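My questions will all concern the structure given below.
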Amino acid sequence: MNADKQIKVGIVGGTGYTGVELLRMLTLHPHAKVTMITSRKEAGTRLDAMFPSLRGRCDLVFSDTATADLTHCDVVFYATPHGVAMADASKMVAAGVKIIDLAADFRFKDLAVFEQWYKMPHSCPELAAEAAYGLVELNRDAIKKARIIGNPGCYPTTMQLGFHPLLKAGIVDASNLIAACASGVSGAGKKADMDLIFSEASDNFKAYGVSGHRHHPETEARLQTMTADRVRLLFTPHLVPMIRGMHSTLYSRLNAKGLALSNEQLQALFVDAYNGEAFVDVMPFGSMPDTRSTRGSNTLRLALHRPQNGDTLVVLVVQDNLVKGAAGQAVQCMNLMFGVPETAGLLTLPLSP
Amino acid sequence: MNADKQIKVGIVGGTGYTGVELLRMLTLHPHAKVTMITSRKEAGTRLDAMFPSLRGRCDLVFSDTATADLTHCDVVFYATPHGVAMADASKMVAAGVKIIDLAADFRFKDLAVFEQWYKMPHSCPELAAEAAYGLVELNRDAIKKARIIGNPGCYPTTMQLGFHPLLKAGIVDASNLIAACASGVSGAGKKADMDLIFSEASDNFKAYGVSGHRHHPETEARLQTMTADRVRLLFTPHLVPMIRGMHSTLYSRLNAKGLALSNEQLQALFVDAYNGEAFVDVMPFGSMPDTRSTRGSNTLRLALHRPQNGDTLVVLVVQDNLVKGAAGQAVQCMNLMFGVPETAGLLTLPLSP
Amino acid sequence: MNADKQIKVGIVGGTGYTGVELLRMLTLHPHAKVTMITSRKEAGTRLDAMFPSLRGRCDLVFSDTATADLTHCDVVFYATPHGVAMADASKMVAAGVKIIDLAADFRFKDLAVFEQWYKMPHSCPELAAEAAYGLVELNRDAIKKARIIGNPGCYPTTMQLGFHPLLKAGIVDASNLIAACASGVSGAGKKADMDLIFSEASDNFKAYGVSGHRHHPETEARLQTMTADRVRLLFTPHLVPMIRGMHSTLYSRLNAKGLALSNEQLQALFVDAYNGEAFVDVMPFGSMPDTRSTRGSNTLRLALHRPQNGDTLVVLVVQDNLVKGAAGQAVQCMNLMFGVPETAGLLTLPLSP
Amino acid sequence: MNADKQIKVGIVGGTGYTGVELLRMLTLHPHAKVTMITSRKEAGTRLDAMFPSLRGRCDLVFSDTATADLTHCDVVFYATPHGVAMADASKMVAAGVKIIDLAADFRFKDLAVFEQWYKMPHSCPELAAEAAYGLVELNRDAIKKARIIGNPGCYPTTMQLGFHPLLKAGIVDASNLIAACASGVSGAGKKADMDLIFSEASDNFKAYGVSGHRHHPETEARLQTMTADRVRLLFTPHLVPMIRGMHSTLYSRLNAKGLALSNEQLQALFVDAYNGEAFVDVMPFGSMPDTRSTRGSNTLRLALHRPQNGDTLVVLVVQDNLVKGAAGQAVQCMNLMFGVPETAGLLTLPLSP
């Protein structure tokens, strides 16, 4: 792509948190410009009337999702509920528009699993088959060439980047992976649910989705691509009284091959795996990353522990669920798809404190 | 009332925060017992299914508001939206049941003001006329004899107890009262509003209702009863990212009579005004009460300041908005109405931290 | 003990959070009265000057720890750093005073483990040998007869009550227990540490003590008493931006004997184990307890899950870390030691919201 | 300044929150580069070891404040306690280095006031006399030419920008200004104070400094420069359980000249006053700005209210206390001093949610 050209970006469903995050990043993007943003309910409303944080920085008005023509865009982000992107996909692809779906429509290769967990038939299996899974560090080449991206779920990003070096090296028991994860409340989206109101969610901690969460089959399917052994994952999400941030505590048991490695060798395995990655920070062995060190940024940090030098390896992973876990990752995909620097628009530093 | 007799209590609309607060206090009350609690939507549901905090302590099941017969109760608390209590009141009073309304139906003597601010006609003006305003420290005798209580709003409680000694003594300019107040989010009730979800309300502070809040006419009317001078109050509520707690910063200008008083005399005025009150704590001059010192308790604390020894007196007032600002005050009224100790059921200490 | 007699209580080290919690509970206790409370640094200070939540409810003044004579007390609670109680113990026991230590001095039978983790020699091994571990539900008989109680740590309480029915029944692999736990910030005590200030701890989540936490050896030792199999526990604490509350997510793998049980049988095992316990709430299978349902109360709640009906059983446990995890448990012990009702002073309901 | 040249920046005292904020902004600044940062206590420590949020983005190591030579810098920011900048100033100015002091050393023209409130003699009165007060919107020309900047306090910034159009137009009673303000906890700095720990500051609200706060004389002195009438300001700061954010509710009484104006004219007064300002957002009349709409950005927002169309005008002002209230304002000054675009490095959008 010509360096002077601007990527014309459309956003469908811009009234949620991933929508406003996309705007925050794309407003400062040197090679992209949001030209249209749509909403079913807010057509005609200025964006900065809904998001005062955009006042003075964004003149856009919501177009009507039903009638907006996005085919003039180079790429469209779908920050919508599951099912919306796949309904549009054929038309958009035919018009030469690339698609980055932040929902689940294009995350699965086995569509039976998608249909079981998302309770809807898949409307374009061929496009699902060609779509690239948008976890850049593990799928960069496919993303560069893709017309359609299924942007990963937030929890799955942490679990895949945390377990990948271990599974690829074949040094842990793939059938006994445990992930105790915790998310800030924004992970539930901008929804007026009783469980999410301040008086309920504040000064509180609880598990949820223990018996089944949609990010479980997504993650298990992706982990299975990393090893010939059968993968079994136990995933327990928890809700934390914070706005942003995601923390995953990953447990895996070293097998004979793994037990032969020193802690230094285990650390080196991760350092090598993410060498040169702009957005993965392998911290020193024994570090304890905190979520706030990633607040507002596209960086994911991880650190290894081996308690009592036993046979269980603990990987701690943190990210901002709305950035590396959603909108930032999507922009990172866009950058690759259009041949601009992978870090463009993503270099804002974390907000600390 | 016979010391051994238990007050039979009914609660209408027990699914909100004031409902569960009433249960928290009445479960431990030595002279009262909740015999029936109703809900429009949750009839048949066990209370502890909705409020796990009650598990093991409460066997009640919600009765249907539409069909429940509460006339066997000695007293019924209405923890309902505005308008519900007045629709029931005639029937209940006729059956000899006392009423404590935590909504606004019985707070106003001038029903035109009620109708203007609550956008509904008042259905029983005679009962409104006889109802007692339930601010115990300022209206104890009337409450003791009342059949109907209009329980005060949360903000009005702090403003009245803070301004009363000054207005009664005639030492401030009644036409220039300012109240900058702040409330925890529970003050908005258990409602799934977008503005109240954690991701919106947390790490944030804002004013609301600046141009008009229903507690303004209520307070102004009550303050007017304390002085022959014309009262003018400016009231600015703010929303604080905390669950419980209310803080009012009250400004009034000393008039010539007031300027003749020393700070010690001003302090003595308040100490004398609330001498013997179990639930009003006049702190030393210059103290800075924090809301958490009242968390979960029926105590209201206040302290005087006179910055730069100028002509403006500042009164800081704190309370738990759900207790002294709502359910605790209501129980205090009930105690008076039935001749049991005023503090019965209300002696739980604040939760600190 | 005569029903009319009051237990005379002393508290050493009353300036921390467990100290003020003891006061909150004992002030309302029908059979006990705090007669003396000491502090090294605050001798002469009124308690309510330090804790405004006690204003109007407590006239006590801190005595000097160095000179105070507590031998007139029936029982002394040590809410002190590790090492203080054991220095006093011989003298107190000789004077017929019972001791409840909220620190670690009397939690260990293997004093080498104590000395390794707490970096101090144990000064009274004989008393450590006779001391009872104060986890009431698992050690009630010993506590009733004890002169000295080692009150359990907060995390260990959740882990022991969660794992005990499984280990006792011998249905899980004792060598592969994992506990991913989370605590509110008050668990760190009232300390002016940089990591604990609001700007650092709020809107944040992180693990800590991953490679070694003092509650690990305490718990592992106690779990070992429940089974002949070798116990191996992996324990990962996390810090949650909430004041109070503790949540433990416990993973254990069912062995052949366990896999033969239905979920109903597993549930029944827990229901039976805690049948009649006033402070343990076994919730329905598949429940997700939240910490706030225990806020301010002595109740611990737990619930079982078996994700994907696989071989891993998940037990979720919540409590208030300052109550059942500390001061409430200590009062429960005291009640047993003096023959008053076990629930005396402990029936305050949780604060919700 | 040549567009290609980079401003060489030094920072003294970089371990606090304003230090890390300066780094966050200057790392992305197109025309500036931090070349040295000093600390008394952390000499030799990498910055990213103290602030993990900087990992991968900053290779700097703290130099020793005592020995570091900052005379090679073009400008030095002092993010230090009061008194440090003035001790260095003569030497730096002599070496041609510009100074931006984020503490109070150069905020006052009347040094007797400085000395009274900051309890130290002023060591360089001549430089204090020439220093420019760094509130850009009200003092742009002086800042452009200045060698030394006294960067305003956070509260004073909101009060000055909120009252300025009113005082300049002479339409309010200058002798009766009231400011009820609220700040997030980061305003107290990175200090391990007991009052600031999460368990104390969370779920709480209180006033502080009611009888005297250092920002009071600073603000009153600056307001006095805007009018010939005598200014009297009452200032009440409050502490809010949020990390960042500042909210000021400003009350002033319209005089005869003011009462002659319509609300539209009052609004126009503010719109005109800040027309063209990149960082002041005058919201529509009657808006209620929230602090989070400014989180992480250099924008200050304000809105007018006139409750009950009475004679009191209320101005609501919000900003991020660490950005427009401190480090962002300082960078804005630097940009002016060096002739680069005023918005350079300051265009990051607010983090929402």
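Lettered A, B, C and D in written order, each chain numbered from 1.
Keep in mind that, in the parts below, contacts are C-beta pairs under 8 Å (C-beta built on N, C-alpha and C of every residue); 3 or more make two chains touch, one makes a residue touch a chain.
Predicted model, so just to flag it, every value in this text is computed and none were measured.
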Please name the chain that ends up farthest from chain A once chain centres are defined by their CA atoms averaged.
-> B
Between A-B and B-D, the pair with more C-beta contacts = B-D
CA centroid of chain A to CA centroid of chain B, Å = 47
State, to the nearest whole Å, the distance from the C-alpha centre of chain B to the C-alpha centre of chain D.
-> 39
Residue numbers in chain A touching two or more further chains are 17, 184, 186, 190, 199-200, 202-203, 241-244, 289-290, 292, 295, 353
Under the touch definition given earlier, write down the residues of chain D that touch chain A in their complex.
-> 17, 20, 23-24, 27-28, 51-57, 186, 190, 202-203, 243-244, 278, 281, 283, 289-290, 292-297, 299, 301, 347-353
Parts of chain B lying in touch with chain D, wherever the complex brings them together = 178, 180, 182, 184, 199-200, 202-208, 210-212, 232, 234-236, 238, 240-245, 247, 249, 251, 286, 288-292, 295, 305-308, 310, 312, 314, 316, 318, 353
In their complex, what parts of chain D are in touch with chain C?
-> 17, 184-186, 190-194, 196-203, 241-243
